[in-house]
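In what comes next, chain A is part of two complexes: it sits with chain B in the first one and with chain C in the second one.
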Partner chain A sequence: MTLQLEGVSKGTGRETHIHPIDLTLQGGTMNVLLGPTLSGKTTLMRLMAGLDRPTEGRVLWNGEDVTAVPVQKRNVAMVYQQFINYPSITVFENIASPLRLMGKSKSDIHTAVHEAADMMKLGAMLDRKPLELSGGQQQRCALARALVKNAGLVLLDEPLANLDYKLREELRAEIPRIFEKAGSIFVYATTEPEEALLLGGNTATLWEGRVTQFGNTPTVYRKPVDATTARVFSDPPMNFLQVSKTGAKLMFGDGQSASASGSLAHLPDGRYMAGFRPNHLEVSRHAADAMEFHPQLSVTEITGSETFIHLDHNGERWVGLIHGVHNLPLDKPLPVYLDPAHVYIFDTDGGLVAPASYAAAA
Partner chain B sequence: MEKTVNQKAWFLVLPVLVLVAFSAVIPLMTVVNYSVQDTFGNNEFYWAGLEWFSEMLDSERMWNALSRQLVFSAIILAIEVPLGIFVALNMPKKGFWASLCLVLMALPLLVPWNVVGTIWQIFGRVDIGLLGYTLDKIGIPYNYTQDFFAAWATVIIMDVWHWTSLVALLAYAGLQSIPDAYYQAAKIDQASRLAVFRFIELPKMQGVLMIAILLRFMDSFMIYTEPFVVTGGGPGNSTTFLSIDLVKMALGQFDLGPAAAFSIMYFLVILLISWVFYTVMTNLEKREGA
Partner chain C sequence: MTLAATEISRPKSRVLPWVNGSAVVMTLYLVFLLLPIYWLLNMSLKTNTEILSTFSLWPQDLTFDNYRTILTDPSWYMGYVNSLIYVVINTVISISVALPAAYAFSRYHFMGDKHLFFWLLTNRMAPPAVFALPFFQLYSSVGLFDTHIAVALAHCLFNVPLAVWILEGFMRGVPKEIDETAYIDGYSFGRFFMKIFMPLIASGIGVAAFFCFMFSWVELLLSRTLTSVDAKSIAATMTRTVSASGMDWGVLAAAGVLTIVPGALVIYFVRNYIAKGFALGRV
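After this line comes the complex of A and B, so read on.
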């Protein structure tokens, strides 16, 4: 089972919402669309589903052109951020509704609904109306409806965004397990990098209507092809600073430097951009060759077990995520340490030149 | 926990008490006062007890007016609610045409009752009215001052013209609040247009429709100005609805006692029916879970 997008784009009038995208999704895989709000996740899903027709390009299902086939004739299921259930009929009827429209027999419907409901832990709620359920249960009902359909393509558009933290964790753990069995193509849109990592599978990062990278989720995380992908796939976003290479040395400014070894050795001299993730910034020296910077500390946010530090490094905003609760003096330079092994090097256009050595090794 | 006593709090409630007293309790008590007394002039009043009430309950005139009223309200609701929903479903959802539609729909609601009456009174006249003249010319007998059927048709069509917009606007508001995702979900489920209406739009509109029905019921049940201007309650008594009858009794014949008793019962009937409506609808809503 494959879904192929060939140069698919979408625009209205002069505006372009989706720039031409080529993407191939395989059956039985979880595919995460990761991008901030308005990056085009929902639009892309609507194109995949056939709710909208692309302005240009083709959509292929198992190699067959389905671009002009309306959504009703395709075998897709979709779950939304809002809890979408039919309000006036019971949970049983809600889950059964796609099957009834398919003209399945009564006993088939009965078995399928109970199976899906049990999987979603709704077995005891089948006689209730959707609004008599909690938010999490309502979304389970919507998920069960998508599941029972046995659709080849299941689209989940930020399905957990409206749930509270605990329920989100619970459902997030269950979703891949449940949908793995079904063997369909799953597409899951989210704004949270963490969610993508927890779901696994493949990730496509979206930025302003472009897929910047598509591949195995940990690979995309560890080896982002460009600075934009790295920024999207990091929360808080990746920090950047200017570096220049002369000979065997990478000059980081503030008199800090690291040796340009490994893949960096062959780089021509010149200016580059270095990036590192917030969790790699440290307030004490751990690695012997760690570089030391003295940015101004502007804000600290304490979340209980972690502290976010917002820094101003020569006009660049950095965010650091450090373990433990730290009471640090504000508006003063704060010594921070960065292990060169955690530094990604991008060229000045944002393309990845060399991944951080820790990631390259993994 | 110790209870705090602060008598000053009464001052905070006072404005509401005064307002309600002057706007509702005192006028109502005046009516109650008249309903239990009789007078033969000279501003002298005698205790009459519940005599007026029993007289009104035995009065065929009131029962006739009440049944006319109920039939009228039932017809009005039966036409305006489905028609309003139908109009709302076919209104554009956004853009210039949506705004234009909203303005056009709101226009009839802005016309004062007596003007509506006058418009239709002239519109329906056989000698100078566009409607009356045309119908007459194409051979349809139409004269709302003489013909029972024509009088009712005129009054009903006039009310439909005046108030369907209200139902349509409320239903439209209800429809607009349905997230697009519902329609998408239905589309993906291959649901028919009818199923979308039955399982998404209708349940989601239920709340506003309840308000629309209540408003239209109460308003139509109290209708006075428009039929008064057009037909004056005629021909005969055929369009003499409750409030027209009441005014005739209170001001035309100056029967203050019976009219007061009538008013109170009128008020109680409206209250009762509205309450029944409300209870049934909210229970329905709970059951439907919408």
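After this line comes the complex of A and C, so read on.
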């Protein structure tokens, strides 16, 4: 079972929503579309589903061109961010609706619906109307309908975004487990890097209508191909600073330097961009060779067990994620430390030159 | 609240008997609103002599003769029958034409859609007198003069735009994702529209039908212009009661009362949605 996008693009008038994309998704895999809002996740899903026709390119299902096949004839199921059910019919009929249209027998429908409903903990709600359910239950109903269809391609468009924190965690754990058995292709759109990492599988990072990278989720996280991917796949986004290489040394400004070892040793001298994730910034020295910076502290946000620090480093805005609650003086330089092992090096166009050595080792 | 507050602040000696302000306003409102209707009912139950000679707040000489006249004389009751026929035809045509139109306006973007949508409403604003002459000539020349369908079609000029506007508002309230989910589930457009979509906008259809019914029912000018005998409407019948013996006040009043009845019956079914309908579904 494969879904293949060949140079698929989408635009209206002069605007381009999706730049030509080549993507191959395999059966039995979880594929996460990760990107900020308006990056084209939903548009891409609609193209995959057949709800929209691509402006250019072809969509292949098991090698067969299905670009012109209407959505009714495709083997897909989809769950939206909003809780979409048919309000005028009962939960049972909602879940049963794709099966009824397939012409399944009454007893088959009965068994399948009850099985799916039990899995989604809706067993007791089957006689109710969708609007009499809570938000979480409504979304479970939509998920059950997608599940019961047993489609080859299951599209989940930010299905948990409108749910409260607790329910989201619960369902996030359930979804891969439930859909795993079916062996279909799963596509899951999300704006949260954390969610992508929790779901595992493969991740495609999207930025302004382009897939910047597609691959195994941890690999994409550890070795982003460019600065954009690294920015998208990091929450808060990755921090950057200028760096220049002369000889065997990387000069970070502020008189801080690190030795250019390993793959960096063969790098030609010149200007580069260094990137590091917020959680790698520290307020106390842990590594002997850690670099020390003194950016201005502008804002601190305390979330209970963690502290976000917003810093201004010579005009570059950095965000740091520090464990524990820290009451730090605002509008004063704050000494922060960065282990060179956590630094990614990009060229000035944003392409990855060398991943951080901790990530390369993993 | 404010009333109570001022009450307390006043010196005790000047406390007046407490009057429920809202009840007074409501009573006055209802009196002003219902007085003409009461007077119509009052007149319909009096004899012509009593109407013309004395002033009485209720019938001194109660009679049902006026109603008997209307319900037994074909020239009277056929007016209701004719009106009912063309009103029902008109409502059915208007709703069945407006449903697909409203769906298109609520779901698709096409060139000039906003202008077309507004232009529809301007039809509603046009005075019927403007259309009376061309309609009369047109319907006469194609042999539709004095038929029910002629009036029904003429009223579509006002009712189709109105129904489109009301239905579009209700349809816009249904998320487009429901349509798409249905297509993904495998519904064809027709089946989706009948089985899933129509129940969702049932109240909108009810309200639109009510408005079509009412506008067509009370419209006088076009129905009088386009009919003479066979399809003469009740409104037209009521305006032709001046005979050699003068005006038959009692019968006319009874006809008026009977004319209100269908509207009152129909409004009962859509009473919960009527406000949304007046806002053209946009609440």
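One rule holds in what follows: the second predicted complex is superposed on the first by the 362 of 362 C-alpha atoms of A that agree within 3 Å, B and C clash if a C-alpha of one lies under 4 Å from a C-alpha of the other, contacts with A are read in each partner's own complex, and residues count from 1 in each chain.
Here is the rule we use: contacts are C-beta pairs under 8 Å (C-beta built on N, C-alpha and C of every residue); 3 or more make two chains touch, one makes a residue touch a chain.
These numbers were taken from a predicted model, which means no experiment stands behind them.
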- Quick one: chain B and chain C on chain A, clash or fit? clash
- Query: Touch check for A:Ser97: first (chain B), second (chain C), both, or neither?
  - Reply: both
- Item | Partner chain(s) touched by A:Tyr80 [first = chain B, second = chain C, both, neither] | both
- Message: Touch test for A:Lys129: chain B only (first), chain C only (second), both, or neither?
- Response: first
- Query: Same chain A residues contacting chain B and chain C, which ones?
  - Reply: 49, 51, 71-72, 76-78, 80, 82, 84, 86-89, 97-98, 101-102
- Residues of chain A that touch chain C when the two form their complex: 49, 51, 70-72, 74, 76-78, 80, 82, 84-89, 97-98, 101-102, 142, 145, 149
- Note on the structure: The residues of chain C that touch chain A in their complex are 175, 177-178, 180-188, 196, 199-200
- Message: Please output the residues of chain A touching chain B within their complex, sorted ascending.
- Response: 46, 49, 51, 71-72, 76-78, 80-82, 84, 86-89, 97-98, 101-102, 128-132
- Message: Per the contact definition, I'd like the list of chain B residues that touch chain A in the complex.
- Response: 179, 181-182, 184-185, 187-191, 199-200, 202-204, 287-290
